[in-house]
Amino acid sequence: MTKLSVDFLSNLKFSNPILSASGCFGNSLSYLEYFDPNILGGTILKGLTLKPKDGNSGERVIETASGMLNSVGLENLGYDKFIKESLPEIEAKISIPVIANINGSTPEEYVLLAKKLDKHKKIVALELNLSCPNVKSGGMSFGTQAKMVHDITLAVKQATSKPVIVKLSPNVTDMQAIVLAAAEGGADGISLINTLLGMAVDIGKKKPVLGNTFGGLSGPAIKPVGLRCVYQARQVTNLPIIGVGGIANAKDVLEYMAVGANAVSIGTMLLSEPLMVGKILQDLQKYCENEGLKNLQEIVGVCHQ
Amino acid sequence: MTKLSVDFLSNLKFSNPILSASGCFGNSLSYLEYFDPNILGGTILKGLTLKPKDGNSGERVIETASGMLNSVGLENLGYDKFIKESLPEIEAKISIPVIANINGSTPEEYVLLAKKLDKHKKIVALELNLSCPNVKSGGMSFGTQAKMVHDITLAVKQATSKPVIVKLSPNVTDMQAIVLAAAEGGADGISLINTLLGMAVDIGKKKPVLGNTFGGLSGPAIKPVGLRCVYQARQVTNLPIIGVGGIANAKDVLEYMAVGANAVSIGTMLLSEPLMVGKILQDLQKYCENEGLKNLQEIVGVCHQ
Amino acid sequence: MVKIENLIVQENEEIEKNLFRLKLTKGSLVLPKIGQFYLFKLPGMTLRRPISIHLYDGKSLFFYYAVKGEGTQKISRLKSGEAVSLQGPLGNGFKEFSKKKILLVAGGMGIAPFLYVAKQLGEDNALTMIAGARSAKELKIVRTFLPYNLKIITTSEDGSTGIKGSVLTPLKELLGKEKFAVVFSCGPEQMLRALSKEISGIPHFVSLEKNMACGTGACMGCSIKTKNGMKKVCLDGPVFLDKEVFYD
Amino acid sequence: MVKIENLIVQENEEIEKNLFRLKLTKGSLVLPKIGQFYLFKLPGMTLRRPISIHLYDGKSLFFYYAVKGEGTQKISRLKSGEAVSLQGPLGNGFKEFSKKKILLVAGGMGIAPFLYVAKQLGEDNALTMIAGARSAKELKIVRTFLPYNLKIITTSEDGSTGIKGSVLTPLKELLGKEKFAVVFSCGPEQMLRALSKEISGIPHFVSLEKNMACGTGACMGCSIKTKNGMKKVCLDGPVFLDKEVFYD
């Protein structure tokens, strides 16, 4: 055990609590020329679907105050091409735990994708994305209904031998009901938050900026909402939690851990500052030394005491 | 009719679309030494309750990325003292439309307060706050349930002769269902958004910053969410809308109007830049001239075309 | 009345690591009273940051501040000639006395408002100040008090200057020896509460801190419970009688 | 390989209202190819902003940019000696040719990448550039092309310089008169589409713009539909064959 190591699950351990968030780090191969991604505790791949997906048309990203909106719409190669084109390179170059982010427009698609992925050893866990705001069916429309969250989680659990981490949306009236639904469905862990539903206006063109009108709001702007959701989740569950939303530095990581996250994932700010991971790890290490912690997990949930 | 005038309702007209948002401008008397509040189109008073309310203990405000959290918890003098101590000065000094922001911990309290306010001519409309995230009962706990929104709106409408503008929370799964509930309850207008539920952590103290743990997130950070909610509201209703959330300049005002707001209210950024109102009005005037608009209302909802 | 104005930085000196003294043109803002404060607007920050008036010398406004987080860091980066938006002066401030024996007690940054107090009240009253901090470094600012008419006792937790201990260490003896008519104190709440327990029979005014948003009583962001109901630190304070706020 | 580095501003000159030329130290970033771009990180901005390489003269990197919004405004405020974080060079860039007759067509800010193209390809090829804009002011930058080996035709919508009209105005005659082996174009999408209709039978490379977040193919923020499936402007582009992207 090192100071930063995380025993997230008995069968899922990270060397440190910093993961790359789904959708902001491609398939973990985009930044090989920038830094060694294997310094991360783990990596969550870009959202995957059974069939290839083109995503949304028009502009897909726009900056907002301390944040950004995206309406990518889960563009990805689809399972077959992913396995043929991306997975071999991931296997060759990525030595940290690799988590697939799985998506579907029907519960059956989630299950089928989970089944297909089961044989691929390199994928050590599934992040069940029930929270994408940028697709017409599936995603957030499932993740905002407790019964759906429960049923899909249960079905995917039965379809896979891998740990299932359910990724939830903050765009709900009752966060805790949704967390409990995932837990009761058999989730091995919870990941939150996905983006907040938002939009931007191009007043010159008198039109929404994004081709899809709405997009998902991410970045430092949403950190207060992310912290609150993780806090609420930790109030009702002992499941391990991946906190995500607006993390930009070690202090943010510590805040997420203090409210109950065991690990975190970083999205937007990794786009902005790809080289930040090394610095965060150093700062976390220093924090442990200054605070006399044997392992950083000691601060998980301190805000609840 | 001037370029900026707003016929919000047949019995509620503003000389321009800029109102002060509830809770960020006191009872419209705090800034008399700073600027003439009567340049505003209207003013929405601090949340009022039947009985005096002390609000929450501990820290109540903290800055976040492009925003702030507050957990004031509706501290106010209560109806009796408000009438005795504040209203006379408001009557003497405020000549623009004054809207009361009414709150209760039970539906009955809303109704009673609405009844009591009915005789006070200076109050030209009621903003029914069904969205305060900082109180144990009432507020957001009502505003997130469609049936409650409908029933309270209906009851308050029956209790008052004044227009009722229902202020809604963005912390809901289905914004449109709530807007429709208010409309069906007889709302004369809709005001949105109130703050997003969030929290901040003081990592030095290993505690939540706010005494009340959670607070409401406001400011530019939430503008994308506010724009989206107003857009969604405009999709399902023709009622007049007051857009609010993160407005800092004339461009933001235009964006809110473009997605469907007839008027806007400004909270957080008025705390930060109390003198901004004059500049915004100038800029809006210029915009009308440049765009050749007879009245700024012509751009209301253009994003829906 | 001008309540908000861009003032020009004349000097921004780092007196000691993370402790700065800022000198600004006065502009056309109203003259400050002792114990009042200003709100500083910094680029990219939502909320203005409250800083007490440290000195007004008839020409310039001075502020003494510690770099805590982003806001004060941004103040510390202001360069001579740059403009910064100030709102103020705000709050009630300390009561002005004449011909009285007044004790000032300052903990850490709590010393900030007392230079102006020394200047304004020093000639007409007999002032004694106990200034405490963790170590000598944090008390470098005390040198700037020497031109004024007051007795100074310093304490440091590590004994690196003055009396080893807290401001409470010399307090008892002092209160036994001399009869003060009034006490002004400013510093961490814990210290103020401890002082309040020690000091009785004479009016003791404490200057409180609380996170603020508006500084003018509009937002209820800085309210505290007092013996006389809810009060706003920004408007009714920051100076209160100790008995009013520490009654529990 | 260093892909992100703080580079030092050597000059940031306003050539014309809202049009700037920025000169940066090269640092240890890889040498740029023609048509590539860099992402600029500006303080307080979440997303980096893409700007094309305007010129690399063997010592410094040059950028030619217009102030549009907050991001480019912040670039414009950079002062000599300050540092700015650059990521790049990114994208595929224009194909390098030799011994060819090449036509460059630039609309508005689309002229930015062509100075470097002129420097790199001018000696070995026969270059002609049509540079169009609304008015003469926006074409001031054309003077800086004069030292390089290329023919220049300018057009302005208001007739204040060169041919009155758009880049399309002289195009037909030119295409009739001379046989180009290849066309590079850069400018508003509408112009590129119009060009694409006029130009046939020769390869026509267009440089596209799209809002970007990562610049490295990680986020799918800049994807466009092409004849050959989804492509990323940042990674597969910004330069595409016109037929690949304008096929509808």
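Note that the chains take the letters A, B, C and D in the order they are written out, and that residue 1 is the start of every chain.
In this section, a residue touches a chain if its C-beta (ideal position, glycine included) is under 8 Å from a C-beta of that chain, and two chains touch if they have at least 3 such contacts.
None of these values were measured; they are calculated from a predicted model.
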What is the graph distance from chain B to chain D, where chains are linked when they touch? 2
If a chain touches chain A and chain B alike, it appears here: none
With chain centres set to the mean of the C-alpha atoms, which chain is at the far end from chain A? C
Rounded to the nearest Å, the gap between Cα centres of chain B and chain C is 36
Approximately how many whole Å separate the CA-defined centres of chain A and chain C? 46
Distance-wise, how many Å sit between the C-alpha centres of chain C and chain D, to the nearest whole number? 56
Out of chain A, which residues touch more than one other chain, so two or more? 64, 66-67, 219-220
Residues of chain D that touch at least two other chains are none
Chain A partner contacts - residues on chain B that touch it in the complex: 64-67, 69, 144, 171-174, 196-201, 203, 206-208, 213-215, 217, 219-225, 227-228, 231, 246, 251, 254-255, 258-259, 299, 302-303, 305
Would you mind writing out the residues of chain D in touch with chain A in their complex? 1, 3-4, 41, 45-48, 70-71, 87, 210-214, 216-223, 225, 230
Parts of chain B lying in touch with chain C, wherever the complex brings them together: 23-26, 30-31, 33-34, 46, 54-55, 57, 59-64, 66-68, 70, 72, 75-76, 219-220, 268-269, 271-275
